[in-house]
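Got some structures for you, see below.
Both complexes shown next keep chain A, but they swap its partner, so chain B is in the first and chain C is in the second.
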Partner chain A sequence: MAATTVFSSRSERGRGRETAARGATAQQSAERRRQIRRRSLRADFEGWGFVGPAMVIVLGLSVFPAVWAFLLSLQKWNGFSTPTNVGLANYATMITDGQLRAAVNHTVLYTALFVPTSVLLGLFLAVALNRRIVLVGIYRTAIFLPFVASAASTGILTTYLFNPQYGLVNNVLRVLGLPQQGWLENPSQAMVVITLMSLWGQAAFTTVIYLAALQDIPGELLEAARIDGANVWQSFWHVTFPQLAPVTVFVTIWQTIGAIQLFDLVYTTTRGGPLNATETIVYYMWKSAFKNLEFGYGSAVAYGLFAVTLIITIGVVLYSRRTKVEAF
Partner chain B sequence: MSVLLSRVTPVPRARPARRSSSRWWHLLLAPIALLFALPFVQMFLTALTPASEINKFPPAFIPAHLTLDGFVRLFQTSGILLWMRNTIVVSGVGVLSHMVLCSLAGYGFARLRFRGRNLGFFAIVATIMIPTQLLMVPTYILFTRLGLIDTLGAAIVPWLASAFGIFLMRQFFLSLPAELEEAAMLDGCTRLQVFFRVVLPLARPALATLAIFTLLGSWNDLVWPLIAINNDQAFTLQLGITNFQGARRTDWSLLMAGNVVATLPLIAFFIAAQKQFLATMTFSGIKG
Partner chain C sequence: MPPASHTPHRVRRVVLAATGLATVTALAGCGGSQSAATSLNEQAPVTLTWWTGQADTAETILEDLAAEFHTLHPNVTIKVSSGAPTTDDLLQKLSAGFAGDSYPDISYAYGSWAGELEASGRTLDITDKVSDPTVKWSDFSSAARQTAKPTGGKTIGFPAVVDDIALFYNKTVFDAAGLAYPTADWTWDDFRTAAKKLTDPSTNTYGYAYSVSGGEETTWQFWPHLWQRGGDILSADSKKATFNSQAGVDALTFLRGMVIDDKSVYLDQTDTNASPLFASNRVGMITAPPWELYDLKVAGTNYGVTLMPGYNGNHETISGPDLWALFDHKDPNRAYWSYELAKWLTDPAQDLKVNVGYGNLPLRPVEMDTPEFRDQAQSQPGFDVLAKNIVNAVKVRPTVQGYAPLSEAIGTAISSVLQGQGDPRQALDAAAATADQALAG
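Up next is the complex of A and B:
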């Protein structure tokens, strides 16, 4: 009995000690959990402290206005009166809007002129500049320098160079005995002039990207082609060009997205003229929103353009995936 | 985009070509280079040509006399110095703010572990897809309510930080080894101290790319100031010289002098730091 008592008491004591110990462990682990939580709270605090300020600015000036733009596109509003909800009426108007259709046509024309020439010119210039010949540094600087010219600056230069009366281009034509042209004042030439000057300003971009890609082509490949008896032309089209395919896809998309958003060079040269021949989608959107104060309709056009951009990008990416050209 | 992101120094190191063909390349390249140089040459020449010679017919290719009259008229009759100051403020604040905010955020996304990090970064990258013209109307309304329209603040705020900047800096910090920072932490530095004393000094190449990207974009920006600023006290250089085209349409030497003032700083900077510029261009399609 005593023994049992002793035992029991001992065991009780033991059990008591055990529970005490268990209680202590529970306390400790709760404490640790709290500590971890505090530490992870501190990590969250620290993390958001680092990324927060920039995120507020970036999201505040992109996601927030993008959502707002969609709401605006469902309204009719001039910025002063009370906005009225019109549902999808703005989008419906877009379909039948003749001026918008004309703007789309002008944009497509510019894109068709600009994108292939800028890609081919970039490829050509990169191949030409990618060799160790004397003066190549000067050639490079001359070709790359226009990249720093702003749209405002390019616009002033364009109106001067292509001025029908005293511009350099007509002056050269006159000396050569060729007929004088209207250039920016001629509806069928104005977009060509804008394309030429866009190329002047942006050839550097595609060229630099192709140059970088050319450096990455393993020398052994060209060496092997040469040993196999390929001439310069053949080894370019059968070795170099296929190696550049991902870059070609990339610059094509990039230049297309840029081209369908053309605005500033039009503004600084023709303001959409002559006879609206250079009025692009974004120019039309800007006019609707900020000249005619149709905030709702302007936003709808902007969303339409965004949708087209997305579709083109996704389409090209999917296509290049299927053809195994990994550009992205 | 990943094609490009792997390269931070794309500056062409020419591979030796067969010498025999170099003459042909010169015959091709020399006229092209000349054509590309021509508009700038015309810009400088016209800025220095007396008005009487510009409007003469037939026009001369090379002016008979050179004069600074265009610049004199520019500085005396326009607000060009004020606009220059405004542009320097916009670009200066933009570059500084980009370097601080984007590198902080880039570091946070690259190194720190916190809840919502991946979602936050995804949101930032997703905004790169949003075209700017979608944002113009709501941002205009927002800035009107904030009282920023027609002030220089309207031109400054959009350049404080960018998704591209955050992305660029994150990619750079991911490529840095973490050991140095861990050692500094063990020595008792706080995260912020580690960031400013250890990490930022190592980030110089990425910061240079970021600075050039921001400088080029903010200095040349026209569309947004055009919408947001209608008060010539708050004009930027680009806005000012664009406005000349309406008001001083026929005064070509003044127009070109303004053009020189607005463009020369970037031309000089490009020539001085060509390598860095090319690296920046490869990294992004700034003008696209």
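Up next is the complex of A and C:
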């Protein structure tokens, strides 16, 4: 849209000069104003024509549902009966809801396990893959493949690997003479298993981002460091890593938001079990709305989650502005 | 809640955020509106929308019958479709349809939705019509009739599919352990003893499998235990949960004994493992509904089916009937023909095609005396046992609003206790308190 506007306003100016040269009578200038208006109307129309379709989708699929979900969060509604307005009661319930608190704890645990590991692992893999080695294309593809696999297939794979009775991992342990583990059926191990499988799928994302960023680092900086006598570690730590700072901020936020919204892998592996040990906020929200038919409460939880992600994002953006690290 | 088809669709649409939550509601729902008639004219052209909730063969059978009905009554055009990708999704589609005022005339519905559907105020009430003796309403099982009349007020539709659970035993596993097969007069103590003997940690073989997903699968398997011991789910006025009675505590203590003390039960976290494990001779016994038969036939498992074990000679089971729910469009012609279609569809002549031909249990006992039924019993051993077992479904699973959270509360309690956390009485008391809150609305 921007390009069109600039273009037409430029031609407007050209035409204006031509008209002025012919001598501007009052009639002419009125005519000119009309033309300009017609022109700018057309420009407007063209502009809206370009943004229109996208806007309908954004309004229909994001803004409208978001507004409706907010209205729902002020109601008690099971999807069928007439909704009753309950004001902020749903939000008040959230404060004292023990199950929600547990879900928050599980989500925080997962985020704490997943985000640092995925960022560091991505950095490590990117540095390892950012060199001239034989078959590097194959390695890069192999790292990226799990990212393409859907969460459903990752989930199925997880249950094959980590089933306590019949899974591959316990079979390997048995062969090695090590004690059998409960994995997905042990409340204190299930979240770790889910983190492992998320990392398998998601590490590719951070790797690819870091890989792109590494290739953007000017070679002369590293060269200069080398000439100044820096060793490999020093040039990584003092040249490469600071250059990667914006990307690190970006992937950290991105992975954090993704981690807070964990749902699919839980749904396909444990359904929140064993003993609710893997029930995350989004899973709890889904369960409230679609299984217990408490749409109002589910929406309220969704808004609570939205507030948290918003605060995190604003916080990090402000921090990165102050420290002059441009992540966004 | 029991899926209606042989192959329960496990893949469900997952909506990640509340925005999605409302998107579904906003975007789903289709079907045009027609100008409503004010008085009944049986000859006037009428178009009905029918959501079957079925896929594949089951859907084809119903589409053929819709065409047949149109041939019989040329003025009735039926727009038939499955309505939603899976039967589970129909609930959201209906909810969205009510919001957008474009819902079908007839829809498949799980029995557990009946209370919500009636509360929507969009259903027809066919109580008077079905009291006509020619409908033979009383031939339907009592569980099916009560589900169609969820709060005892309105009859919102016809039974569509009936089922019950019975004891399936794996003959290969029994033979390997040198045990006699279960019989129809087994007690739960016989069952427990056998399960213990069938369990062999060295081969990862279990005597029994029980769901600990905490979902309806966990819950509905528990109700026969409660009922056989004389307990009830709800108080007579349906306002309070009573499953935490002594009967409930005893039932849960019994299961806990099998799981924790005997270690003879495979605990299924996701409701997807028990059935394949039974089919592949890793689990000796399961208590399962009729659609299990199809999977066992495909897997070539050597199995038998008998009644549920009993307590003091009471072999009660549970049934989860599904419905053809009928919806009101303030149009007497559409109401008339929706009713006629559902009545015709559930007549024995048609039901033999819809249910028996497909491998579901017959809606009425009279159908058991037909070649179609005998064929099915021949090709799927145990089919006849399950069909006859329907009379043992004496009590009905509640269809009141608030059953979903109640089920969730007790499901969680059962799965906690079976996984070694908490004591049966305390867990059930806590679940009952949560359920009471939900029932109070």
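Methods note: the second predicted complex is superposed on the first by the 303 of 328 C-alpha atoms of A that agree within 3 Å, B and C clash if a C-alpha of one lies under 4 Å from a C-alpha of the other, contacts with A are read in each partner's own complex, and residues count from 1 in each chain.
Rule of thumb we're sticking to: a contact is a pair of C-beta atoms (placed from the backbone, for glycine too) under 8 Å apart; a residue touches a chain by one contact, two chains touch by 3 or more.
Since we're looking at a predicted model, the values are computed, not measured.
Enquirer: On chain A, do chain B and chain C fit together or clash when superposed?
Expert: Chain B/chain C on chain A - steric clash.
Enquirer: With the two structures laid over each other on chain A, which partner does A:L275 touch: chain B (first), chain C (second), both, or neither?
Expert: The answer is second: A:L275 touches chain C but not chain B.
Enquirer: One more residue to check, A:E185. First (chain B), second (chain C), both or neither?
Expert: In the superposition, A:E185 contacts chain C only.
Enquirer: First (chain B), second (chain C), both or neither: which does A:E223 touch?
Expert: Touch status of A:E223: no partner.
Enquirer: So in the superposed three-chain picture, is A:E46 touching just chain B, just chain C, both, or none of them (first/second/both/neither)?
Expert: A:E46 sits against chain B, while chain C stays out of touch.
Enquirer: Can A:W254 be said to touch chain B (first), chain C (second), both, or neither?
Expert: So A:W254 only meets chain B here.
Enquirer: If we overlay the two complexes on their shared chain A, which of chain B and chain C does A:S150 touch? Say first, second, both or neither.
Expert: It touches chain B, and chain C stays clear.
Enquirer: More residues of chain A in touch with chain C or with chain B?
Expert: After superposition, B is the partner touching more of chain A.
Enquirer: Touch test for A:E31: chain B only (first), chain C only (second), both, or neither?
Expert: The answer is neither, since A:E31 touches no partner chain.
Enquirer: What is the shared patch of chain A, the residues that chain B and chain C both contact?
Expert: 61-62, 64-66, 68-69, 72, 79, 152, 159, 165-166, 261, 263-264, 267, 282, 285-286, 289-290, 295, 298-299, 302-303, 305-306.
Enquirer: Which residues, counting only chain A, touch chain B once they are in their complex?
Expert: Checking each residue of chain A against chain B gives 40, 43-55, 57-59, 61-66, 68-69, 72, 79, 125, 128-136, 138-157, 159-161, 165-166, 168, 171, 174, 197, 200-205, 208-209, 211-215, 219, 232, 246-247, 250, 254-255, 257-258, 261, 263-264, 267-268, 282, 285-286, 289-290, 295, 298-299, 302-303, 305-306, 309-310, 313, 327-328.
Enquirer: Which stretch or stretches of chain B touch chain A in the complex?
Expert: Touch list, chain B to chain A: 1-4, 7, 10, 12-17, 21-22, 25-26, 28-30, 32-34, 36-40, 42-43, 46, 54-59, 61, 101-102, 104-105, 107-109, 112-117, 120, 123-124, 127, 129-142, 157-158, 160-163, 165-166, 191, 195, 216, 219-220, 222-223, 226-227, 238-239, 241-242, 244-245, 252, 255-256, 258-259, 262-263, 266-267, 269-271, 274, 277-278, 281-282, 285-288.
Enquirer: What does chain C use to touch chain A in their complex?
Expert: 11, 14-23, 25-27, 91-92, 94-95, 98, 116-117, 119-121, 204, 212-215, 266-267, 269-270, 273, 282, 401, 404-405, 408, 412, 415-416, 419, 421, 438
Enquirer: In the complex of these two chains, what residues of chain A are touching chain C?
Expert: So the residues of chain A in touch with chain C come to 60-62, 64-66, 68-69, 72-73, 78-82, 152, 159, 163, 165-166, 184-185, 187, 261, 263-264, 267, 269-276, 282, 285-287, 289-295, 298-299, 301-303, 305-306.
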